[in-house]
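Which chain is which? They are A, B, C and D, in the order written, and residues in each are numbered from 1.
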Amino acid sequence: MKRTIRVAVVGATGYAGAELVRLFQSHPNAEVTTVTSARSAGKKLSEECPWIASSLQLETFHPGIISEDFTFLCQEAGFAMEHAPELIKRTRVIDLSADFRLKDPLLYEQYYNRPFSAEGTQGVYGLPELVDRKEIANAKLLANPGCYPTGTLLGLMPLVRAGLVTGTPVIDAKSGVSGAGRSKKDTEYLFSELSGGFKAYAVSGHRHTPEIEQLAGVPIRFTPHLIPTPRGLEVTLHVTVSSGENLTKLYEEFYKNEPFVNVVQAQPSIKQVVGSNRCDICPSYDEHTGYAVITTVIDNLVKGAAGQAIQNMNLMAGLTETTGLPISGLWP
Amino acid sequence: MKRTIRVAVVGATGYAGAELVRLFQSHPNAEVTTVTSARSAGKKLSEECPWIASSLQLETFHPGIISEDFTFLCQEAGFAMEHAPELIKRTRVIDLSADFRLKDPLLYEQYYNRPFSAEGTQGVYGLPELVDRKEIANAKLLANPGCYPTGTLLGLMPLVRAGLVTGTPVIDAKSGVSGAGRSKKDTEYLFSELSGGFKAYAVSGHRHTPEIEQLAGVPIRFTPHLIPTPRGLEVTLHVTVSSGENLTKLYEEFYKNEPFVNVVQAQPSIKQVVGSNRCDICPSYDEHTGYAVITTVIDNLVKGAAGQAIQNMNLMAGLTETTGLPISGLWP
Amino acid sequence: MKRTIRVAVVGATGYAGAELVRLFQSHPNAEVTTVTSARSAGKKLSEECPWIASSLQLETFHPGIISEDFTFLCQEAGFAMEHAPELIKRTRVIDLSADFRLKDPLLYEQYYNRPFSAEGTQGVYGLPELVDRKEIANAKLLANPGCYPTGTLLGLMPLVRAGLVTGTPVIDAKSGVSGAGRSKKDTEYLFSELSGGFKAYAVSGHRHTPEIEQLAGVPIRFTPHLIPTPRGLEVTLHVTVSSGENLTKLYEEFYKNEPFVNVVQAQPSIKQVVGSNRCDICPSYDEHTGYAVITTVIDNLVKGAAGQAIQNMNLMAGLTETTGLPISGLWP
Amino acid sequence: MKRTIRVAVVGATGYAGAELVRLFQSHPNAEVTTVTSARSAGKKLSEECPWIASSLQLETFHPGIISEDFTFLCQEAGFAMEHAPELIKRTRVIDLSADFRLKDPLLYEQYYNRPFSAEGTQGVYGLPELVDRKEIANAKLLANPGCYPTGTLLGLMPLVRAGLVTGTPVIDAKSGVSGAGRSKKDTEYLFSELSGGFKAYAVSGHRHTPEIEQLAGVPIRFTPHLIPTPRGLEVTLHVTVSSGENLTKLYEEFYKNEPFVNVVQAQPSIKQVVGSNRCDICPSYDEHTGYAVITTVIDNLVKGAAGQAIQNMNLMAGLTETTGLPISGLWP
């Protein structure tokens, strides 16, 4: 079976979209055949994204141009909600935005400042290690998780499912700057403003909060920060637990069959997973205060976006889940 | 009064020592007249530290060479304990190590793996904004605070002293790499290993924990991380409080007379205080979970080390506290 | 004499303007009393520039509001040409733009795509180490040199004035990103696009070429590059010379009385001059090919802009040339 | 044909060695079956290189343990010279050191400070785009080019072979820090010393000079610099030419059949080739001075080391040259 799956990437000049194109170049069974861009239609993809060696030509999106087996939507909130109901008649859809992640439309409206307008259309939340893979396999519309929820939930859920959590988990999360996307042009995203900096942001009410709480089933305190590097995401979870015994064993057992989750002994750096679809997790327990301290690292654009989307596509297409996905990081 | 105070810097080729030399170059009342280095005695300081324009010659330390008014010790743990009892007969001593910070010698032994051997010699803990400045003014031996304790306590103590803290404060702290010093030569501190990385470290039992708890009076959960930049330190404090009303006013009131503490509305970046002796603090309250979320930023080598040491010297010498200390950061 | 000189900074929220405000905070004889901003008038400077601790309020510029002794213009090309003829009736002007650097109006028009419209008004080119300081001292309108010309000419002129240059000097220059200013908002200046990158740009016809050639008196091949760091500028000059003997001595002799120029033996890093007004120069000769290879480093915002502007002001005001200017770099 | 080629990596915990392991994980026809390390034998590779997800165990090298089809030597100068004569009896050898790059043993001795001791053993210089691919295909011992020579020669040789070069090419080259390897532990390679820095080094007599001159056939002026980022290498070539017409066409023609060389219009950043085996080249001509200015970018660890080594192995094994090698860069 060689490159029989045809793929469209809608919004291919953003970071997640271009990352999909890059990753698919080494996927043995799938090929990107359509790429779109609202701003740059008519140009070559490589002109807008000089890191991509490709002869693909950017088109203007409308549902009618899509004939591919899978369509990846890499657009701002609102876009998928508008187009998915139509698109899923022609193609299986993997949406990298937040539009179909929250089951409660009121929460969506509260956090995204727009009503949920795609009533009747539902997505399957695609965090393979933590949900029912059969639902993913059968999905017409896959809601690809956010980067922070991926890094947080992979660290938190073993404690939750073991019934150990006794208080509000304190989630102190840090992301590389690419999480802000490629289209934000405010002064604050300039190289000279961020290089050598580090700061918290969106301390109250970050949009990923309800997405995490939906799966975790408990309220969380969530504080994101910006790391002065383009890629990578670290989450430090501080969780009061009823027992801190054998946490490492608990995590190893929980993830023993997971090719993309790695329980480690030494505190992991985001750098060791950059470019890979891996999540490294280091659990520990602090007797002094009764807190479990769990750290996780992912590449926000791979396991936190494009890589996980391909992992979901592999499941949906009946392929081995790891097909075409890098397991080692790019270092140094 | 021009440059009448003479200063010795012991350990002048490390980051804190060299920063003292640099800062004193614009101090109107003090002058560095002796610099020492164990490894590089005989060389010019500028040879070992090409960023310093100076004709100072590095000497080998022994107490007998010191005739200065003030002596700053910038050495590893153990050094001050050995030499301070003798030195304070000849000079006033400001120690940038941890040797005289902890009142309890057993805690010192537990965290620093050596017995406290300078019985009978006591230091004054010099965090001017939070302790009795008269004690600092009269000190013979000043224990200059650690960088993490400075950033943490400036954020935490307004809540503690207002009696608002109801649980274990969760301190998620992040430091630039210079905090590790200039003499660590392990692979892990190489540029190529840290650039683009971010990680937690010393998750259990970091040495600054008891120093923070000593002043705070409550146990804390403390997790430090390494930011891929040389300078700057951010602390995010997650504290359950009995009331979250008017936190900004509380902090503004608490620090209203402090020239080096700045209560800000927008989340501060470490970058805005790099090179300055300032601490910017942003208090907020999360109704969703009942947590106060306080963020602070300092330059770990200035307010977290050399700058605060000069601030203490100014108090000890009867000078205006801000003399010669930069108040604005170096940006971009 | 304490703070008797009053200073206005026009365009204070850009990098050079804000750097002037920061540097003047430790200048013993001058004080910034007016700051202007086209976009942010009415706000506090510290709101737009959170690294500056100051109560200064931003105003809208027009010549009538200026009553200061010195006015620093930190604006795009064209602004000074429009306002300087009027302004110099009220204040001495130091212009950090290119408007008055080129003596030949046709060259100005060719490189800056606008006619030189301030006929009859002339600036004094203020590169103190290489021009007649008396002319600077007497200037009403001072044209502060560009960053690349400063770094290049300090390295090139000792060879030129010794009559050693035999061919076209090849100038391979590299600048930190702050050289692009704070107002460029194109995608290419985003943190995520530049971090980890390095590239040449403006390979043909960079605007600083005629400025260098005007003083050097020879045509040059000039290629600028972008370093992935905010500050600092390095120039590597490859110059065929009639003799490569004793180059170090030649440079030491040339700069023996210059407090801000430092002839060094070890290849200098831009990092060692960041934050300082220093230029470090390392001359060498390659017998293999007959090329002198001269490297220079400056901070593009200090010796390459704001610091040199203050150095010029010191000369114009009759102060010691080094007054208030940092001589050591900020490291690490 | 699936993973039928067995590969040994000698020195697998260094940057080039680990990069080989990483790249081979997505090579469809080859598999790494032996990894060695002088310092870490007995440990798992993933313990020393936490970015590599692998169960490979590190062994101590001696020729007798090698039964693989191909053996990649990633060691300091001297190692290959000692072991290759024996090893090529058991396996085909690809040496990433300089030992077999120079045809003239006297030049080797002059630049590497040791006599060339493997008389009678010769390597084939493996820069596929510029040498006879048949010789590579038949090699028993392949000398993989240095990173600077790769970036330089790909930019220079089209001019040389067209007979256009009229003077000494001035090569101003810049490399990411990983070029220094993983085992240098001097202060100067610490993160805090290099972050935010940029400097020239080895201005006279860099070891890659004779390697470049050997193929170019002309003396060159070569000046390397260190970029504050781990990966990537840029070369700016300033070459006086007899004619500057149609340079872009010349380069496009020269490389029209080369899958890994890309002639581009916009100045390329090292960032766009990081992680890929690509070389992007931008030729231009400066009428003002008669210089051709050619810029090239490669990833020093991929096209400059491990990737090119695999490209050579593909040729030696009769595989398609591009097999398993990434063509797009990792961005941002």
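Assume a residue touches a chain if its C-beta (ideal position, glycine included) is under 8 Å from a C-beta of that chain, and two chains touch if they have at least 3 such contacts.
Fair warning: this is a prediction, and the values are worked out from it, not measured in the lab.
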item	value
Between the pairs B-D and A-D, the one where more C-beta pairs touch	A-D
Chain located farthest away, centre of subunit B as origin (C-alpha)	D
Distance between chain centroids, defined by C-alpha means - subunit A, subunit B (Å)	39
Cα-centroid distance, subunit B relative to subunit D, in whole angstrom	45
CA centroid of subunit A to CA centroid of subunit D, Å	35
Junction residues of subunit B - those touching two or more other chains	15, 177-178, 182, 192-196, 228-231, 268-269, 271-272, 274, 332
Interface residues, subunit C side, partner subunit D - complex	168, 170, 172, 174, 192-201, 203-205, 209, 219-221, 223, 225, 227-232, 234, 236, 238, 267-272, 274, 282, 284, 286, 288-291, 293, 295, 297, 332
Complex contacts: residues of subunit D adjacent to subunit B	15, 176-178, 180, 182-187, 189-196, 228-230
Touch list for subunit C against partner subunit B, complex	15, 18, 21-22, 25-26, 28, 49-54, 177-178, 182, 196, 230-231, 262, 264, 266, 268-269, 271-276, 278, 280, 326-332
